[in-house]
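One structure is given below, represented as structure tokens, and several questions about it will come after.
Note that the chains take the letters A, B, C, D and E in the order they are written out, and that residue 1 is the start of every chain.
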């Protein structure tokens, strides 16, 4: 009490005697009746008439896609959010204070809009202590660094050629639209341009696009303003292609070559088994990367399994051929052989394709 | 003191002079005698008569099953809990305040029910700063985001075709039923419907069902209200089938094929050993996935071990056959051979099944 | 000051006029002179005579053994601790307050015994905000959930058939026995029964027994009360047996079979090398599990190494035999051969055991 | 109030009677009107005239490069930052206080410049509670330990012979240049010398150079002072060379040797397949190290893939040769053979280089 | 104010009337003018004369070496630090207070020396809330549990037979020697004895020795007291020997045996390639353990590489021999052969050592 009284006294005297002394930021603080001795009055929205909602403008800049964890279906992003609103109770005349027209104060000095991200699943990380920038007409703005882990339904069907789209829904939790209206101060184009400009990392994921959707969600008779940022990103498949798809193809090519080579059956089986072990080693790599997510597996797994099946069938075929060569054929098989090879002699060009098929005996 | 007095004074004057000025949220706060300068009075339950328990209604929405760690027997879930109760000391007449009928305030402004989860084992993560929504008749509600790791006795017997059921017991720790009664405001059907609606992720685990059980637990002559949410979830086995069960079967099929092939014994052993090494590589995958939990191992392990044993026995058999071929047979073995093969000649159809059995010499 | 005075005034008036109005918990708080506006007076132990130590009764319930990290020699457990003591300054007559006989208040309202765990090495995790339950005669009790990582000298000698015993020493740090006496309110049997009842998880470790030891430790002329809980737990070895010991035995069996088989020496070496590679793959599994702790390695490692050595020696023996067969023997070796095989012809039953020994030439 | 008054009273009396009693630090605190009972006045910049910006001098010493995570494109560094500025309101005459000329106080006693690091992505870690060192003429300095994880665009093209350069941009967030001017108190040379002196670790990354760039960034009509520290570091490639490049070359050398050896075609294929499996095991190592970052893969991957392709082609070639030997040649192939081998007979020295080429039949 | 006054009043009255009532700890607190209602006066060092430095005695007990991360060059240790100093302003006459001669109070009741560890790189972990133990003559002591991660230049040259020495430098950050003098209250021998006594874990690292070095560091004209604890620890190499060095030697022994065996060249190459693949699997183990730190690699890597090179050369040699056998020798090679084998016939004992050398043809 006393201090405040004395302060006002000093202030009034000072203004009377020497107006050029009023050039400290603390003078504005005293005029606004803010001191660090009492707890900050951050309880209610700064509105003169409670029926008019407060407009909060939001600007979003994506800085980094830090990690995408397919197994947990989470994505960690790092972004900046700038909020701007008007506090009608925090105004002063710059001419009274040597033209001081803006101030920077700790964030808990005044009420500020507390936003939540609906998809967020991990603890928020305090990257920096936020400050408010206040202009004399009551416009307040603040910029916050966020590192947030969100859940995102990752579609692994086309891995590693997949493009993912994750939503981040910013909402002013519990304040309905009659209290706060969130508005994006950027268009989708601006958000894209700014995010592309500041985007720092050049990792596995390539940020391609951001899309801003503003809508109101009704929940139990109240309406809440929500801004959803759809972040699209594309995986860079090059290393997966080189590490997985290329070696698989190469091993299958070898398998084919050995199948048609002039080795003995025993050698053939030996070589084919070596290749199957090589394929198993590749499976070790695949297992670490792939999540066990959806009901239908990624195409790459089907491809891998397919090659594996073909290789196994190659060995089985060689075994069968060896058997057939040694022992006299069943009359049934003999008949089949005759029947099929007659067909094949007509379509010799297709013989490679029907290799895994039935007319095996032609090579005996 | 002074401030409050002045505030009331201003307030009374204001109401006398200009009732349309009473349209700020702060007016209600002043009427309710809340200011940010003193510590919040959050010590006791807001009851007029201490004998009547306070009813707290709880709504639960499961958002995400984030991870299931079989080795540690823990499950991490992300959910929303909405609590609603009545604070009889926080009421006002909306007509006195321009029809302001509800307010949003920080959570520590009033007493609020502090719930615990009995099975929780990890630090609670503060996902968002909670707020209270207060209506003029004293009904207070709050929604909190929780990311919680709970212990759950995971039954791995039927892995990877297992369905797990984990309990989350919400209780108002230390407040007995004479103080607080927890009640679920949803039926099991509603909880299911809402959780299915909001469920975000599409990972390894498929959320199937939620079951609400309300009961009272007596502990040292006092009774405590507990709401248990039984969360059922089903593992999507497809990738385990493709990565583990299918290759194991394929390798065993190959082993059989080689066993009956016309190769020399030396080649056979060589091929079978290759397959055993391939099987060992698969064991590397299995080891990473399986927990070493219960006393009896999962069926998949028994299946794996069984295939391994059969493969080993295949090699042993081939070795024995080779030995028998080279050296003259013991009279004992000769007798056995004669005896058994006579039997087998009658049941030729069963010869495949009894392959790992005793009548090995028929193939010599 | 004023508030307290007014409160007492109101209280005395109230008691005079309408005793049935005294049915709020806040009335007791006011009587006890507790308000949330001043900092809690938690500095000194609530004793009327400083010479009489305060008795604190402790109850311990083990809920979960969460993880045992052999490499770091740490164990993470989750347990409940209930403490009960008497605060002589916090009493009231229930008859004055409509029979209110107990209250629940936040933990920092009064002094409470702060316990430490001597073996704790990781940051304490705040699982739930603790509350105090206070009865009218001053008995205060509080239950806390703890997740604690403790160091524990893990003896790996008998892995995976090991039983570990870890100590958790609870002490009232810095308060000597003249100030606080810690006493377990349970016997060892009760602690066992309760922990077995609540024990949640069914993982790798099976909780077998808990043992309570109470003693006083003297440190620099002062005596401190300590309660040590010895937690015994047994590893479930089944998966280690199936994953490590069984395949190793199987591979060795194969090695023996091949050794005595009728294959050519070249084939034998080839097969044995395959088995050695298979054994190396198993070594990859072993390496991930075993800590590099004590000076003498676990028995399982010695077993593994032994099998490996025997396999290596098997190959060496085959090489030697091949060499001997091809080239004329040294006179020395010839003599040895004659000498030994004469011996062996007498002890034919022991020939299997002395296989890795010297009389190799008998098989040539 | 009273305390302060009494303190001043005591002080004035004391000065009158016994000036040698004024030798406590608390006397200076009382003179500066700082007490721990009121909240610290840390709101505004200590400037007498708001138009003159405050100069803050910054000194930076890099202590450790803790980790470089290529997959996430982040770098964790540990450094010291010393800031020095003048607070014109905190001065005293040392002669009045027994020549006390400097004080050490907790950091929140006065306003201090709050700096942010633009590239920081992880939560700041509080390594030590900072203090301020204050001299009688108002010069305040503070040293802070920082452990910070920053994003950094890591260029993996030349892995493992790469040199990375990461930027750390220190800025006084939200305070424009009219308020605060950040200046580095070191030249680039001094920063290098000091960082080299204190640099503690000797890990995978060798700190080579630090470069200080001071500039102003304009953002929405305001200018902000930024100091960017460019940290250059060099990877120590020796273990990657020994673990990856050397074995790959060795395996390829073997492949060449086997290709030109006098083995049968069947053996050759068998050996080459063994080498391909060995190469696959190396691929397992490579996969763990390499990030899947940029669009064009690191040169080492191309080298690895190249060797793999050559090995595969070696097997294919051997198969082809075997086939050609067995069956009569096509007239086309025969012609090719004749044509090419005539050429080759002239350039025999080049025959090694053209091995993977077309004139394979010369060896048949 | 009032409370204090009343307290003193009560106190004086009490002492007059009933001295046996003064037996509560709170009486001492009131005499010392400490209450929990005002913020603790922790700003300045408790010195009567600012020119005399405060002596702080430090005792250090190492409890556990928790982990050594070679890749990051960090070490995590767990230790106790006990500090003892004199606060001349906190004294009382025990006779006035029923012989109460010491108190235990929360740590923030008085000023306490804040120490930092220079090498610390990770966030400090709050293991327990510290308390102060205060005696009537002003001696204050406090014991703190610390879990600290420090950087330490780990020398991996002699891995796994290495002994590491890590420094922990404790300093009273920013307080120069004119303010605080840190002194170790133990000799090096005492510190060793106590640390050996309390040392809990028996893991990979064996704590061998601790060495205390006290010195003053001058920094910008001021001198700071520093106590450096040199912690020596020895790795237990047994499992590395059994897992890495022994199998490598065994495989090389096999390689040698096969080299000199009587197999055909084709078989020899096949066996040697198998061994090389086995060696690659061991390389997978080595890669996980070894950091990629210094410029010259650990000796064990050189040993490993050496064995690998010898194995590769063995295969090359066998290939060469096979080639030589089949085709007529070059005149050059023939001459070499003659020349060298003449030499060798003289030094037959050295023939094993020169195996990998040039005179290969002697075995043909």
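Note that a contact is a pair of C-beta atoms (placed from the backbone, for glycine too) under 8 Å apart; a residue touches a chain by one contact, two chains touch by 3 or more.
Computed from a prediction, not measured in an experiment: that's the story for all the values here.
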item: Partner chains that subunit B and subunit C have in common; value: none
item: Approximate Å spacing (C-alpha centroids) for the pair subunit C, subunit E; value: 24
item: Centre distance in Å when subunit A and subunit C are each reduced to the mean of their C-alpha atoms; value: 39
item: Residues of subunit E touching at least two other chains; value: 270, 274, 277, 281, 284
item: Graph class of chain-chain contacts, one of line, ring, star, complete, other; value: ring
item: Starting from subunit D, with subunit E taken as the next chain, the full ring order; value: D, E, C, B, A
item: Complex contacts: residues of subunit D adjacent to subunit A; value: 1, 38-45, 47-51, 71-74, 114, 116, 119-124, 151-154, 173-175, 179, 265-266, 269-270, 273-274, 276-277, 280-281, 283-284, 286-287, 290-297, 301, 305, 308-309, 312, 315-316, 319-320, 322-323, 325-327
item: Residues of subunit A touching subunit D in the complex; value: 2, 23-26, 29, 34-37, 63-64, 66-67, 78, 98, 100, 103-106, 109, 125-129, 131, 133, 143, 145, 147, 200-204, 236, 238-240, 242-243, 246-247, 250, 253-254, 257-258, 260-264, 267, 270-271, 274-275, 277-278, 281-282, 284-285, 288
